[in-house]
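Same chain, two partners: chain A is paired with chain B first, then with chain C.
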Partner chain A sequence: MSTVTSAVRLPQKGSALVFLQRYGVYLAIALLLLFNLFFTPNFMTIDNFRVQFIQVVPVLIVALGMALVIGTEGIDLSVGAVMALSAAVIPLYIGYGPLPAAILAVLAGCLIGLANGTMIALIGVQPIVATLSLMVAGRGIALLVADEQLKSVIDPGFLALGRGTIAGVPYSVLLALILVGLVAVLVNRTTFGKQLVSIGGSRRAAELAGLPVKRVLITIYILAAALASIAGIIQTARLSASVPSTVGNLIELSAITAVVIGGTPLSGGQVKVLGTVAGALLLQLIAASLIKHNVPDAYSQITQAVIILLAVYLQRGKAVLK
Partner chain B sequence: MTEQLSTAAPAPVLEARGVGKTFTGVAALQGVDFTLRAGESLALMGENGAGKSTLIKVLTGVYQPDEGQMFLHGEPASFAKPVDAQHAGISTIYQEVNLVPLMTVAQNIFLGREPRNRFGLIDFRKMQEDARSLLATYDIHVDVRRPLRSLALGMQQMVALARAVSIDARVVIMDEPTSSLEAREVETLFRVIGMLRSQGIAIVYVSHRMDEIFAICETVTVLRDGRVVHNGRLADLSRVELVALMLGRSVEKVKRGGVTAFGEVKEGEGEPVLTARDLSRKHQISGIGLDIRPGEVVGLGGLLGSGRSETLKAMAGVMQLDEGSLTVDGKRVRSGSVAAAIKAGVVMLPEDRKAEGIIPNLSIRDNIVLAALPRLSRAGFTSRAKQDAIVDVFMKRLRIKAASPNQVVSELSGGNQQKVMIARWLAMNPKVLLLDEPTRGIDVGAKAEVQALINELADEGLAIVLVSSELEEVVEGSARVVVLRDGSVERELRGSEVTEQHLMAALVGENHSPADESPAEIKERL
Partner chain C sequence: MNLHATPILKSLACAAVLGFALTGCTNTGTTTGGSGGGSETPEGTQQSVASAEGPTCSIEDYGAEKIDLKDAVVGFSQSEKEDNPFRIAETQSIKDEAEKLGVKKLITTNAQSTLSKQISDIQDMISQGAQALIVAPLNSDGLEPALQAARDKNIPVITIDRKVNATACEDYVTFLGSNFVEQGKRAADQLIEGTGGEAKVAILLGSSGNAVTTDRTKGFKDQVAAEAPGIEIVAEQTGDFARDKGQSVTEQLLQANPDITAIYAENDEMGLGAQAAIVAAGKTPGEDIQIYSIDGTRNAVEQITAGSYNGVIESNPRFGPLAFQTLVDFMDGKPVGQDIIIADSEYDPSNAAERVNSAY
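For the complex of A and B:
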């Protein structure tokens, strides 16, 4: 039997393709860095990288949650609205101190996640429909909470999250790194992580194996919302203002892009945490490279689109090889 | 061998001589000679891994042979791509229909070669008429304006077949075409195959079902370990001889072992471990009672729709009950919860292994430990060492053939996937094992292994309930058989009553004597 299976596994002329599927995003980052090394002055500097890392943090954190959701063969379009809600909650409670305000903001976001999870796991609404409804409703709630106003936040402890550093590493980057580590451990080393990818691989089989499918699904959407809330808090701290009308706009698309080009298939059953980090970084570096060469932002968006197509095309190849 | 046929037989349509194919150093095919003549129906037989699928892929241009030569109508031929083979008149019908479900029957038949009117637009009226008359030649009458997906699976396959033949196919290769068809659809398929043959079209037929092979095939090519071990007329072989050829065992050994690999079976003793009373669910089952003792295999007989799968599902917590109770070791088990059933020690091997059993994208290891994971973890963190210990034990014990525990489970053969599923449940230390069609769609060798394993597990004290469409499997594998009919227990066969004759009589109900229906007819309804 090994003869036939190995035949299926190893396509005749596919080794380059397989390499690209697995390491394409890292290769792209390396090529981009190489390009900038030669053609972009002042790109390969510590200061520039610090800026790039700070800017990528919100997308990266949202993408982590998105990767978990996509791993279960779902999708979460409401992450931008969750960011807006958590941003809107901050100025209401910042009087109690930065930590209580942040906790309440995350809890508020988790309510949206709970609503998503309940609709999807218990009622059986399709993820794209359920989260689309909360993408619209969530931002509405955020604007109601904020009275449709931009509010500046001046608590110095809170603003440190946006500006402070330890040994030159910004707090927000440090926080993102910790979250990456936690999500990686969750996916690779816990029962919950295995159950998550099993549900994505075959929900019916997971149910028949006695897994707590509904509980896992609800938890995943709450986790995705919690991560998005944290991104909303960081964004608010960086801007020194709560801007619920615009914060997190279109971030769901960047997050999905980062996850997909990082090698996590939209069909679920796999979560690539490191790939997601690389995907978010690649998007950031492309945008930065184009900006440094004074290319208008519109081209940056077109480039993103091309990269999404390329990534999805490569994944399609993977499905065929299976 | 083939020489004896060559005198009067028509010229070969498709021929392979000395074909070899090697994948990363492993020979999948070696010196394969294969001849197919116009109007012939040839059974391509072999266990999984014998090289059947590789040979088909070589014949249809998916793979290029490393050595040897193919001949089409006597001329050397080579197919670089599947399309080349199609243009050369070689069509393949898979069990999944490769057509467009939302398009109409007519559109599917003429996909890519639609008749045009003088404005260059599609001439729908002509297309529909042509489609209708094409299908009518095969005695298939269906509204060609209906979307393909609204037809039964068997009818969809006929449409695929009609399409293939209308593109001037000379060779049609059918890979397990009947595995999802109903008996009546199989009949239609066989009739169409007969018509195709009378038009001089050659058929290569691949199936695990011996009945079908002997019903419609004229010649047979048997592959084993990548080589042709037999070529000849099927009428010259008995079933036992054919199985012996596929397995590479002596005829005597196969005969002695019976058709199945079950050894001696005995009724269990002592108190029942599982007691089901009055299991009922509207429209599906009513008032079913069962007692299963440790160490016995109880067969659950019944025709399709008799409620046998539903009864298993009810006991496994997959189906919510309206009424009735299930107790395991004296403790009542909550209905409708898989987790509760597993906790009580009742586990089920589902009928549809691919959709409900394995998690295709995960490794063998992950699939085996899936249900036992919480037990193999500490505070939610998995322990690789504990997993490896268990996985190692079961891979050895069940002889799961794989490169390593890291291999993705979808790459395994059906038999090995089934063993992975059994390992998943054995890792839970169950008391009652519910098996729904444990040997469906797996090759002869693996089937024997699974059957022997069922025997062994019962000997070790596990209580087993066995559902199978194959009468001989139920009869030879079970100590007693509970026969279901229309959702309730018809009767129970014990001891010397456990024979195919008694079982068939019970399947159709006692007041309906088995003489009214031939055994073949009853078998078809299974």
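For the complex of A and C:
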């Protein structure tokens, strides 16, 4: 008798929790939109949403790479430094045109990814330690490359990336959508994606099953760096200046938060691409709501911390259920 | 996918090597560099003293040994990374003046915005034989061990741009710097004049918990409250003294309050970010929405001449001449002021074109 009742109760309790874990981020977005609809002037306008989408792009693109890394049970703290390096490289080569400069910026960023991947996959350094060292060293390199100076970038073709639109949709947003699509296909439709997830599930088992664990890991960290570099390029175009000292500061935290809120567990083995997009949008909406209501900085920081705690708490519940 | 991973990796590695090889052939094209790095100081940009009232300090009071700067080792400790025009111009000015005066050796260090590094920088310079120190403190507090090390050897310390919470003429000789409250007040005056005393203003604050932020906010708000009842402050949000944050925050504020008619940014970088946000919102900066900020960087002053920026209060970073003059006077046995406030100039549409060369 007792087994029956517990069997009945557990799924109920579980299903509420599972629902929150799976759809909590969408629910939160819906609630915030509703709140802003009633209490924030001029919120439900196309211009406003354009602003929010433009602003979310760098965090979103970085978060995509972070989701891949977290899927392998890793973490990448160096993404902000990678953004800084790619921003620093742009003004050096912009004379060759926007595209060559952008390609070189991505390549420079990939070098950091390669260093991360090599340390983690081949030498066996823990991801948090390896990427922490490049988080510090990478920004140093960026400042060296940039001669420690802010440089204005005025190439009109390059600036179009930050300002241009197609049918009202900014280039940067379009680019982000394409990247979301590519990452979603990579995760869900390719062998590489399956390998990534199995490594996150159990690296030992993946090795025993004969998967190319080291190669996949190195590639993942390079991909994460490539995505962060693109974010750095977009940010530079938007600012029309390369600011390696501040660009991407603390973005690793926003990206990790977006990934976790989006339902990808820090313990790896899963990658929720759409959830990550929603997570990034939620963070953006929270920041926007707080600024629009002129909430003092200290309270904004506390509010954001509470939301992150809540998200991580829900994730913890998921680990228990699993 | 398995089969493809290796070539992908290899090509990436090759490309990476290529990237290294290419660093030798940079092409900055039409990019303009940071403007503060120029070594020549234009005429009429030298700091002048606004007030040096109050107690003074002489070499006997402090108890230092008299030295001739031409045979002396002087140490300069910079606080923040030199990636913003203010810091670049400040360090350059110290270096230029040391060269001009023929100082035997100038040691410069940069604490990279880390307090512990600034303390060890100063201690290192003392052990390298520095006989006088010019320090741009990172914080008002926390430098005590470094000041103590200088005190132990009776090395005179001149602090610039930020004041430390310590006793002048005892822990250090003197402070040279701007009055940040006054800067905020003057920005308010410019804004009141430019808007005719009727405006809805958004304030872009500096970093939270920074004395410069507090002072520039206080000066501005007090003056607006006292002088212009028609000016309403509709929002105040931090932009962390950074261009990107200034831009994104302004975008949000303009969306929520389309009736904003003026922006007060507590440094030029945030003001320039706000300018980009105003353009993105389809409005004309300088006309639909006026922008006022503090610093006096070339980028911002050039925008005034272009008509898309309204006013800049200067915070003069060229401490070299005044700092060394103070040091020379001090060594000559003349009493120097313990609190030397420098006169900052200002830029507006009437003088920006003529004075843009004195921006840094």
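To be clear about the criterion, the second predicted complex is superposed on the first by the 310 of 322 C-alpha atoms of A that agree within 3 Å, B and C clash if a C-alpha of one lies under 4 Å from a C-alpha of the other, contacts with A are read in each partner's own complex, and residues count from 1 in each chain.
Following the convention adopted for this analysis, a contact is a pair of C-beta atoms (placed from the backbone, for glycine too) under 8 Å apart; a residue touches a chain by one contact, two chains touch by 3 or more.
Because the structure is predicted, anything quoted here is derived from the model rather than measured.
Contacts for A:V69 in the overlay, against chain B (first) and chain C (second): which applies, first, second, both or neither?
A:V69: touches no partner chain.
Quick one: is A:P212 in contact with chain B, with chain C, with both, or with neither? Answer first, second, both or neither.
Touch status of A:P212: both partners.
State whether A:T191 touches chain B only (first), chain C only (second), both chains, or neither.
both
Looking at A:S152 after the superposition, I want to know if it touches chain B, chain C, both of them or none. Which is it: first, second, both, neither?
Touch status of A:S152: second partner only.
Check whether A:R204 is in contact with chain B, with chain C, with both or with neither, and answer first, second, both or neither.
first
Counting only touches as set out at the top, which of chain B and chain C does A:V247 meet: first, second, both, neither?
second
Is A:L92 in contact with chain B, with chain C, with both, or with neither (first, second, both, neither)?
So A:L92 only meets chain C here.
Among the partners chain B and chain C, which is in contact with a greater number of residues of chain A?
Between chain B and chain C, C touches the greater number of residues in chain A.
Which residues of chain A are in contact with chain B in one complex and with chain C in the other?
After superposing on chain A, chain A residues 190-192, 195, 212 contact both chain B and chain C.
Taking the complex as given, what residues does chain A use to touch chain B?
Residue list for chain A touching chain B: 1-10, 12, 189-195, 197-198, 200-202, 204-212, 269-270, 322.
What residues of chain A sit close enough to touch chain C in their complex?
40-43, 45, 47-48, 51, 54-55, 91-96, 104, 107-108, 110-111, 114, 143, 146, 148-155, 163, 190-192, 195, 212, 215-216, 218-219, 222, 235, 238-241, 243-247, 249, 287-288, 291-294, 297-298
Can you list the residues on chain C that touch chain A in the complex?
The touching residues are 1-2, 5-6, 8-9, 12-13, 15-16, 18-20, 22-23, 26-34, 36-37, 81-85, 88, 205, 208, 234-238, 240, 242-245, 247-249, 251-253, 255-258, 269, 272-273, 276, 280-282, 299.
Of all residues in chain B, which touch chain A in the complex?
Listed in rising order, the residues of chain B that touch chain A are 23-24, 26-28, 48-49, 51, 53-54, 63, 226, 316, 318, 338-339, 341-342, 348, 350, 355-362, 366, 369-371, 373-374, 377, 380-382, 401, 403, 407, 410-413, 416, 424.
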